[in-house]
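Below are structures written as structure tokens.
In the two complexes below, subunit A is the common chain; its partner is subunit B in one and subunit C in the other.
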Partner chain A sequence: MRVLLMGHPNVGKSVFFNRLTGANIIESNYPGTTVDYTKGYMRQFGEDIEVIDVPGTFSLDPKDKAEEVAVKMLRDNKDAKIICVVDASKIERGLYLLLEIIEEGFPVVVALNMWDTAMDKNIQIDAPELEQILGVPVVPTVGISGEGISAVVSKLKDITPVDADAIVERMGGI
Partner chain B sequence: MVLSNLKPEDQARIVAVEGGRGIRQKLLLRGISEGSTVRVVSSDGGPVVVELDGGMIAIGEGMAQRIRVQRIAVS
Partner chain C sequence: MQKKLNEMAYDEEGVVVKIEEDLRQKIAGVGIRTGKKIKMITKEPLKGPVVVMVDEAKTSLGLSVADKIIMEV
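Up next, the complex of A and B:
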């Protein structure tokens, strides 16, 4: 199994990567820190799973070099499963990329990262409802403390692609 | 008034983004859309650097001229 970590710049993908693989790649609080990709392995479900830390991208319509790398990674790994990391405190911005990835037909788990920050800002997110609408697992996480990470990993096993049109239908059309 | 008219430390609310779907979407995904508020970090005739939601974004002059803003009085 191959897993791609995708999401906007500066949402904590690399922190996730380190948590999953035990690696120690540089994390810094600047967007665009990861412009190349990093690969690592984790042992899970009795197999070695390849984990790829993809550069941050805002959409699948690349606007710069790092985004081009990200989109190419996705297109070159049609059989990959995706962990889409979304900044829970800016959730409305992250959903666009998530929907694009779903639309491409990839199986996805959503990590609503920086859940603690969202709480501090009094942002309330109904994760189960979101999960219902999207039809993909939605897991609140706090990357730096490790909260929710194992839940994300456990969801990887059984995810399958979902129909984007069905999501629109559940939203009551657009 | 447009974003490029603002001076460092000015705070403003975005009133409108004038442009096609591409530019509007690009800015929206980076947090710049009608109603969002920004604080200017630097603006010197070239790119404008603004802070929003604890993040920072640099906007080219041309794009900054297409973002209509309303200055917010800072108490």
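Up next, the complex of A and C:
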């Protein structure tokens, strides 16, 4: 199994990567820290799973070199499973990329990262409801403390692609 | 009153009313679409980018992008 970590710049993908693989790649609180991909492995479900930390991108319509790398990673790994890391405190804009990835037909788990920050800002998110609408697992996480990460990993096993049109339908149309 | 995004003053807030067709898809990823509230944070000199606040997040936009977004302020 191959897993791609995807999401906007500065949402904590590299923190996730380090947590998952035990690696120690550079993390910083600046967008654009990761401009090329990093590969690592984690042992899960009795197999070695390849984990790839993809540079942050806002959409699948690349606007710079780092985004090009991200989109190419996705297109070159049609059989990959995706952990889409979304900044829970800026959830709305994160949903756009998520929907694009779903639309491309990839199986996805959503990590609503920086859940603690969202709570601090009094942003309330109904994760189970979101999960129902999207039809993919939605897991609140706090990357730096590791909260929720094992839950994300456990969801990887059974995820399958979902129909983007069905999501639109559940939302009551565009 | 309507004006272009790059004509907004510091700290001014407005709502997006129109985005040029060819740009719409491009900036949807950073959360800018019609109906969105945007606040001007910084305007860099010498045709530099503008920095705006959208949904608690700062986003910088080139002038060529910002002048294709029409705001109601």
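Simple rule for what comes next: the second predicted complex is superposed on the first by the 174 of 174 C-alpha atoms of A that agree within 3 Å, B and C clash if a C-alpha of one lies under 4 Å from a C-alpha of the other, contacts with A are read in each partner's own complex, and residues count from 1 in each chain.
Rule of thumb we're sticking to: a residue touches a chain if its C-beta (ideal position, glycine included) is under 8 Å from a C-beta of that chain, and two chains touch if they have at least 3 such contacts.
Nothing here was measured: the structure is a model prediction, and the numbers come from that model.
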Inset, instruction - In the overlay, answer first, second, both or neither for which of subunit B and subunit C A:72 touches. - result: neither
Legend entry - subunit B versus subunit C as contact partner of A:63, first or second or both or neither: both
Legend entry - subunit B versus subunit C as contact partner of A:93, first or second or both or neither: both
Inset, instruction - Could you give the residue numbers on subunit A that contact subunit B in one complex and subunit C in the other? - result: 58-59, 63, 89-90, 93, 96-97
Inset, instruction - Would you tell me which residues of subunit B are touching subunit A in their complex? - result: 25-26, 28-31, 53, 55
Legend entry - Complex contacts: residues of subunit A adjacent to subunit C: 57-59, 61, 63, 87, 89-90, 92-93, 96-97, 121
Legend entry - Of subunit A, residues touching subunit B in the complex: 8, 10, 31, 58-59, 63, 89-90, 93, 96-97
Inset, instruction - Going by the contact rule at the top, pick out the subunit C residues touching subunit A in the complex. - result: 25-26, 28-31, 54-57
